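Provided herewith is a single structure, encoded as structure tokens, for subsequent inquiry.
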Amino acid sequence: MKPFRLASREYRKEDSIVIIPATEESVSIGEGYCTIIAGPCAVENADQYIDLACTLKSVGVHILRGGLFKPRTSPYSFKGLGIEGLEIMEEAKKKTGLPIITEIMDIRELDFMYNTVDILQIGSRNMQNFSLLEEIGKVDKPILLKRGLSATIEEWLLAAEYVLNGGNTNLILCERGIRTFEPYTRNTVDIGAIPLIKELSHLPIIVDPSHATGKWKMVGPVSRAAIAAGADGIMVEVHPEPDRALSDGKQSLTPENYKKLYSETIALAKLGNKKLK
Amino acid sequence: MKPFRLASREYRKEDSIVIIPATEESVSIGEGYCTIIAGPCAVENADQYIDLACTLKSVGVHILRGGLFKPRTSPYSFKGLGIEGLEIMEEAKKKTGLPIITEIMDIRELDFMYNTVDILQIGSRNMQNFSLLEEIGKVDKPILLKRGLSATIEEWLLAAEYVLNGGNTNLILCERGIRTFEPYTRNTVDIGAIPLIKELSHLPIIVDPSHATGKWKMVGPVSRAAIAAGADGIMVEVHPEPDRALSDGKQSLTPENYKKLYSETIALAKLGNKKLK
Amino acid sequence: MKPFRLASREYRKEDSIVIIPATEESVSIGEGYCTIIAGPCAVENADQYIDLACTLKSVGVHILRGGLFKPRTSPYSFKGLGIEGLEIMEEAKKKTGLPIITEIMDIRELDFMYNTVDILQIGSRNMQNFSLLEEIGKVDKPILLKRGLSATIEEWLLAAEYVLNGGNTNLILCERGIRTFEPYTRNTVDIGAIPLIKELSHLPIIVDPSHATGKWKMVGPVSRAAIAAGADGIMVEVHPEPDRALSDGKQSLTPENYKKLYSETIALAKLGNKKLK
Amino acid sequence: MKPFRLASREYRKEDSIVIIPATEESVSIGEGYCTIIAGPCAVENADQYIDLACTLKSVGVHILRGGLFKPRTSPYSFKGLGIEGLEIMEEAKKKTGLPIITEIMDIRELDFMYNTVDILQIGSRNMQNFSLLEEIGKVDKPILLKRGLSATIEEWLLAAEYVLNGGNTNLILCERGIRTFEPYTRNTVDIGAIPLIKELSHLPIIVDPSHATGKWKMVGPVSRAAIAAGADGIMVEVHPEPDRALSDGKQSLTPENYKKLYSETIALAKLGNKKLK
């Protein structure tokens, strides 16, 4: 018997579709859809973020991402704008009509995020922060649960089980690369995780090729691979000036490069009979 | 330049010694000492824990361990007795005069742990729970920081940096095995981490051979290796009846096996000119 | 400076195309082409192999694979038919007009392989058998060099360098999964290796999803991912009765499942403007 | 049932002791003994090697090591002196009366090694070169089989099984570090492999801390750990001038540092009731 229950395909045969409400048009994430989440690693300032959001909207993005509280390996790195950044994201949301996603690192941040944020992200480093998972399981908001840096598929689905067991079934999984011995790339995308999750679970799964590879040139090919393997979407980092980004510039696409990725992704989605919203 | 500062050997040339106050006799952890922490994975009931504590005291243990809130991979596993268990540990502490250590998973647990617990443990899964690290950095209690399952030495020292940067310098590192491809053992003890940490940092380092190997027969040899390599102590799981343990029975020593380990460890400590308290 | 020279993109800007001569029509492997190599893990008997070869020819395979000398982890496992199997492959080659590939484990096998085999494969376990690489570098036959189980991209390209340095430039790389901590799959396909090799080197790269995943259900999705990421082809295991295969049955496709894979692969190849021969 | 037979503890309950004949006094390797093998990574020139051999003899080495054919990752690195170097080793053997060990990469090297070399080493990269293992299984010479870079304990014992199955039972295992994600050290010593091998098999096991760590400062602590964990010996690199070594200088001890290591190792061996020859 598998150790996970609510997350298993046996528990629920049909694919789960998570609906993200939005002012203009809601977004569906799950089997049969191809969803693109894009934005900078961190929200850095109002003008830049809102401009980028409008550009992204015009070139076909479904959900806006932006980091407010960044889990940085060093205590001395830029950790995000926090609450101030949330106001910027709210403004971008109003201007574009697109839903927004940001990472929650501590349940105490929920109070001020709740009314504005559309998807709460649990980052890799917190995938087994069981205290946070239990709290988030009680919230009525869609959750995106990133795979831990060296989590097995089973541990990942058991982390999902914590959220589902709390009552929150609006859950999306996100493969973001695992840690291996290979030094050329930041992490190694486990492309096989996509068909495996589809076999073992009913939950939607998307891929984050930016964090997984750490190199913007690889984001295109790995995104295409993800969609071709059956992923329900991708989450990519886009920055107007990657060289000046306060974090993760090396893995960020320019809006121009994003356009190319978008058209390639759409072509693959069509080949796989996936809808865009 | 190394990315960690306060944790570095450059910042502080002499070895840090962490003093754990105790009713009878305080315990010193750091270079020149050999400290043994022992106890069951989880506190299961009062009689069993207090009996075991008294036995351990009589066969030479310096600090008592016991889990109250267990970070379990599955939401359906036994998660510990919580507050109720703390009262049991407090009773054991009174009877034996030994200091106690337990894991803190959420800063909200600090309130009731503060007066009783002598060392707060940050578990592997929370090594990069930066929110918790920042809070714990403000607390005036010794901290034991376990290495993450796949954390590099640098990431581990940067997690330590979070705690030190908050002002709490009573910090002990604990190597507990890293995740590799090898399926025979639960994890692979990184024995080289001991001389590396001693070279890069002034912080004390101990080893947990129980979690690292997952097999009680390996606890003895790996403990000896740790002390021979220069570790400042070990933390081992002991259970009166390992076969009936609610968690981690396979890696627990019986009190009888512990005695053998103790005498071997003491012999090695003497050979390395290490004091016992 | 990169440690590899002849394998580098700097040494040769244009993509290398390896031409495999064949009685009917030669096969080109490299950028702009999509090549499919298929067949059973090991040649088991004449009727079965020749029947399968004819079936594969009819459903669109470009090169036939078949193991004669199998590098088995245990000395007690089936090790292949050896020379006897070669005669069977030769017969299949005559009947179908397709070129054949098989693994060479020892340079002493070259004598009887030379006249019949069209591509010599160096297996993962021999990727750093430098003695064999040096010998194979002197041979005027196309070589397929599989990535070692835990070889970095750099080590792999340096193994290629051994072959190129010997004078043999008809070299194809094959990603076949790397060893990680994940137990669900046999290995983890490093999908990022495809764009990385394309950036660093001029050599063709194909993917073996059968060995990489160890599960036939994953072969389709991972093959699609490989082609979408830019691989120049795939090598898959097909067996008429996977349940009765003497080796690797669990990862083998039936001819029926192969047909589905073929049409999906072809559709993706067209989308990526790749020719089929 | 375990997949290995002849290598298993079930097949042979008592510990195997491998006797290395020598002009002066034979050397026993196995449970109850502590054997030290030392020498430079590669034999570089006659004067240097013979001088070093005499020094090592005077400070307590049991077996001399020296590389003749080096398996180098790059084809452009120094690959050893080959046959010429063997004459130098032979001279050192005569002068010191110590047995010698060197790596065999290709069975064709056996002819000229056979009369001089006392232990043939199979390197990590050839641990699954089954062709070589089968040949070496027929030879009546002691074999030292290094663990592959990412070989599991089971795969290692199955490689040993190839040698034993050929009839050669004079087999010694050598743990030399496995590949993990940690970048600070070259490899990660799997210290737990020592008690595991002792439990699963009757074969002797030694540890190579030089290749395993890649840093000479770690060689001492890791050697001590190995002996304390129950290893039957160590194999270390010593070079008169590490900074000028043609290979592996960073991990080589000076003869002066070796002396310190020797006395520490001897003290631990005595504590563990191990004889020195």
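Brief remarks on what is shown
Letters A, B, C and D mark the chains as written, and numbering starts fresh at 1 in each.
Simple rule for what comes next: contacts are C-beta pairs under 8 Å (C-beta built on N, C-alpha and C of every residue); 3 or more make two chains touch, one makes a residue touch a chain.
Since the structure is predicted, the reported quantities are computational estimates derived from the model, not experimental observations.
Chains that touch both subunit A and subunit D: B, C. Counted by C-beta pairs in contact, the busier of C-D and B-D is B-D. The greatest centre-to-centre distance from subunit C, using averaged C-alpha positions, is reached by B.
Rounded to whole angstrom, the centroid-to-centroid distance between subunit B and subunit D, based on C-alpha atoms, equals 35 Å. For subunit C, residues that reach two or more other chains under the stated contact definition are 150, 179-181, 183. Residues 150, 152-154, 178, 180-185, 188-192, 194-196, 199, 212-213, 217-218, 220-222, 224-230, 267-268, 271 of subunit C are the ones touching subunit A in the complex.
Within the complex, the subunit C residues that touch subunit D are 3-5, 71-76, 105-106, 125-126, 128-131, 134, 149-150, 155, 158, 161-162, 165, 179. Across the complex, subunit A is touched by residues 150, 179-181, 183 of subunit D.
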